[in-house]
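First chain A sits with chain B, and in the next complex the same chain sits with chain C.
Entry: the complex of A and B
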């Protein structure tokens, strides 16, 4: 059981250049795979391809295969794929429907689309809100939330479809440090509570250091580095690929460069 | 059947994170407004608004607008919406002023000047026609606004869905209704951004007018580029799944609603027939 991308290459409609690929990637249930890379390295394209939006919804041309738990994603219709691979975008504002009066109904939008019985819709909504610890937002108006809260509601809306895999495209990119911490905490909680496989594109490497198990670094559409997250984030080549190391790693390097007594205890404290 | 990792195992710690004991719909979803007019079914309010609009424009002279205005005043007072209607009336004031000015001074065929000052000659006919047209406009907008401010958008959408309008149609109506506040919000964001870059949006009218272009372009192009992401976001939430959407909120449709709708439709037909037959006007 896994989400597998094998030799995937993708071109946007009307473009002659390859935006992504070749990429081979595997996400297993319970695993968090972080993705980083410089601007235009193909991170968002990878998300769209993995979730079946490209070419399924936006067109374009794809080569290679995407297999979700043994099923070729190309054979699945968008609503079938949505129940296997949930996709979260950068901006909460464009993901909310703007047609619901409460967060509860916003989160219920997806399950209602599946024509589930009302009891099951209600159960799923409470479960999704509970998985992120945001039950208190349920009566609030979706359009009157902070950026971080809005992103959590968008994530709960995706969770309510109970996909096996979550594909998150820079969910904290428009958030301040408080909002980033809010979403990062919720992602840790969601990963623990749900056991879903998560593909997390994130340029804030501190978030990746905290959440991810493995990591991939993209460069001009291809995989430049991959491995356990601690190894990748500690690799000095990361800066050459336009990715800033986490604050802890930079601090440790600065301390070492300054000749500080970098003890094992300090290294451990820095994570 | 295989269980999704996101489907909790019954009895596990993860099975019900924060799950309330009572699984029923929360009160804020099933809430009902209070008061006679507010509790009418959305379709009933739309039928009444349609009758009012047709009466305002098809019954000639002051009879139609005045009759509807009286009805609206009573309903607005009873439903505590006078303030909202006053705001909407204020918003229509630029249009009303322009109607008055145009008709007062250049109504074709008007030959009864109130006074003459060189080439300027406002007419009595223009004044009355401008007043009548403005009143019709205000009553028309108030009739539509009254239905709008007394009907939660989600109730309207739920009722449309219940009556068989497809999920695409319901979504389009909902998005259109919500477009106004969303656009106002976006204009505010862009205006703040442009101000931060030195654009002057305060002061005299010509300065404000000059600021429209750098505001309008980002609003329009931003809305267009948002469409693709919103489309994908809807797909990611199974919007195109087959079958009928589950309804969590079902607005009441009582016998009084059906009676009122029939009465409004019959009255509307009556007004049209009388107008066409020439018995009024």
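Entry: the complex of A and C
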């Protein structure tokens, strides 16, 4: 059981250059795999490809293979793939259907399209809204939410599909610190309790430090670094790849650069 | 930016919100009796939880929204009485979502759009485009179609297109969203350069580090009004943490470290390092 990308390369329709690849990647159930990298290093493309959106929906050319729980993703029909790999777009506006009048209906849209019984749809919608602490938004108009609220609703609509693999493109980018922590906790619960495998693109390395098990760093479309999250986030090469070290690592280095060893003080202050 | 261009930026007006309330048509009360005064040349980060009214607040400054109660004044003049075109020459707003803003077929045309509408042509237009592109690091992308660029660079382009208008007030709504470390540093230098040119800079942000390091003043919003207001060292000082947390915010990590070590308020890496070095000079 796993989501496996093997020697995957992808180019967008009409583009002569390879946007992604070669990439080899495995996401196992219950595991959070973080993805970091500079602007335009291929993070969003990786999400689109791993979820079957590229080339499935937007065209382009792919090489290599994507296998979901032993099945070649290219042979799955859209509704089959949607139950296996749920994709959260970087922009909430891309995710939202723009056809529903309330947040409740918006989150119900996906489950309804899976032909689930009404009771189960309702249960899943409240569960997804509850997981993100946004039950109060249920009667609101999806297009009249703040940026961060829209992002939470978009994520709820993906969670409600209960896919085996969650592919999330910067799910906390528009969220306040408490919202970011809430989403991080919800993702950990999704992984640990329901066994979802999560591919998480995130610029906030503090979030990755907290919840990811492994991570990869992309550079110009290829995997530049991979390994256990603590090893990668402590690696000095991160800065050259346009990735900010987590605050604790950064502070420790700042203090070292100041010419004195404050390791003990910092450790006692930050635990 | 040349001295000549800089000189043409008119002085920034004083901004006053007087008991401003705003309700969206669906009844959502986004601003609730908000009072706020921003002096010319200030750099102000507006932070607060999702849905606390931050974007709504800044949209009142360029005429996109008009208060349902209270007044917004610029140099004492009610903005309701000011034509939107005149406001546009004074207030540049880079939207949270760049795709609501970008409209041209090339990066150059996109950046020219704003200043052209202000009547700028010829050498000055070219100079403004170049300066704006340099400021956000997109100098090599003049002929690129904006929609061939990734989100992070579209966001930088939206900022550049507003920079080129050289408005005395510059507003950036969530400018660091989706940016990598270098992108955040670029946005920080844009803020510093605009402030050095005497422009008022207002940014909405969820990035506490960005707010603490790049702005002279931090305004915390909660439920449509101002909960905290002051310099980063004041707002992020330990006594305010309960209020920050009530607004869904967290103090920056150096502030937490500094407080636990009894160093006072150290909201940035630099202030924490300075305080520690001072504490233990014999080891330095």
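A few points about this structure:
Basically, the second predicted complex is superposed on the first by the 235 of 271 C-alpha atoms of A that agree within 3 Å, B and C clash if a C-alpha of one lies under 4 Å from a C-alpha of the other, contacts with A are read in each partner's own complex, and residues count from 1 in each chain.
FYI, a residue touches a chain if its C-beta (ideal position, glycine included) is under 8 Å from a C-beta of that chain, and two chains touch if they have at least 3 such contacts.
Quick caveat, the model's predicted, so the values are computed rather than measured.
Applying the stated contact rule after C-alpha superposition, one finds that A:161 touches chain B and leaves chain C untouched. Contact with both chain B and chain C is seen for A:91 once the two complexes are overlaid on the shared chain. Chain A has more of its residues touched by B than by the other of chain B and chain C. In the superposed model, A:100 makes contact with chain B only, not with chain C.
Of the two partner chains, chain B is the only one touched by A:135; chain C is not. With both structures placed on the common chain, the touch criterion links A:118 to chain B but leaves chain C unconnected. In the superposed model, A:147 makes contact with chain C only, not with chain B. Looking at chain A, you'll find residues 91 touch chain B in one structure and chain C in the other.
Within the complex formed with chain C, the chain A residues making contact are 37-40, 44, 90-91, 93, 140-141, 144-149, 152, 170, 173-181, 203, 239, 242-244, 247-248, 250-251, 254-255, 258-262, 265-266, 268-270.
Interface residues of chain B, counted against chain A in their complex, comprise 4-8, 14, 16-20, 23-26, 28-29, 152-154, 157, 167, 171, 174-175, 178, 181-182, 185, 226, 228-249. Residues of chain C touching chain A in their complex: 24, 26, 28, 47-51, 54-55, 96-97, 99, 149-153, 174, 177-184, 206, 208-209, 245, 247-250, 252-254, 256-258, 260-261, 269-270, 272-273, 276-277, 280, 283-284. Residue ranges of chain A in contact with chain B, taken from their complex: 29-30, 48, 51, 53, 56-58, 77-79, 82-83, 86-89, 91, 94-95, 97-102, 104-105, 108-119, 121-123, 126-127, 129-131, 133, 135, 138-139, 143, 157-159, 161-164, 192-197.
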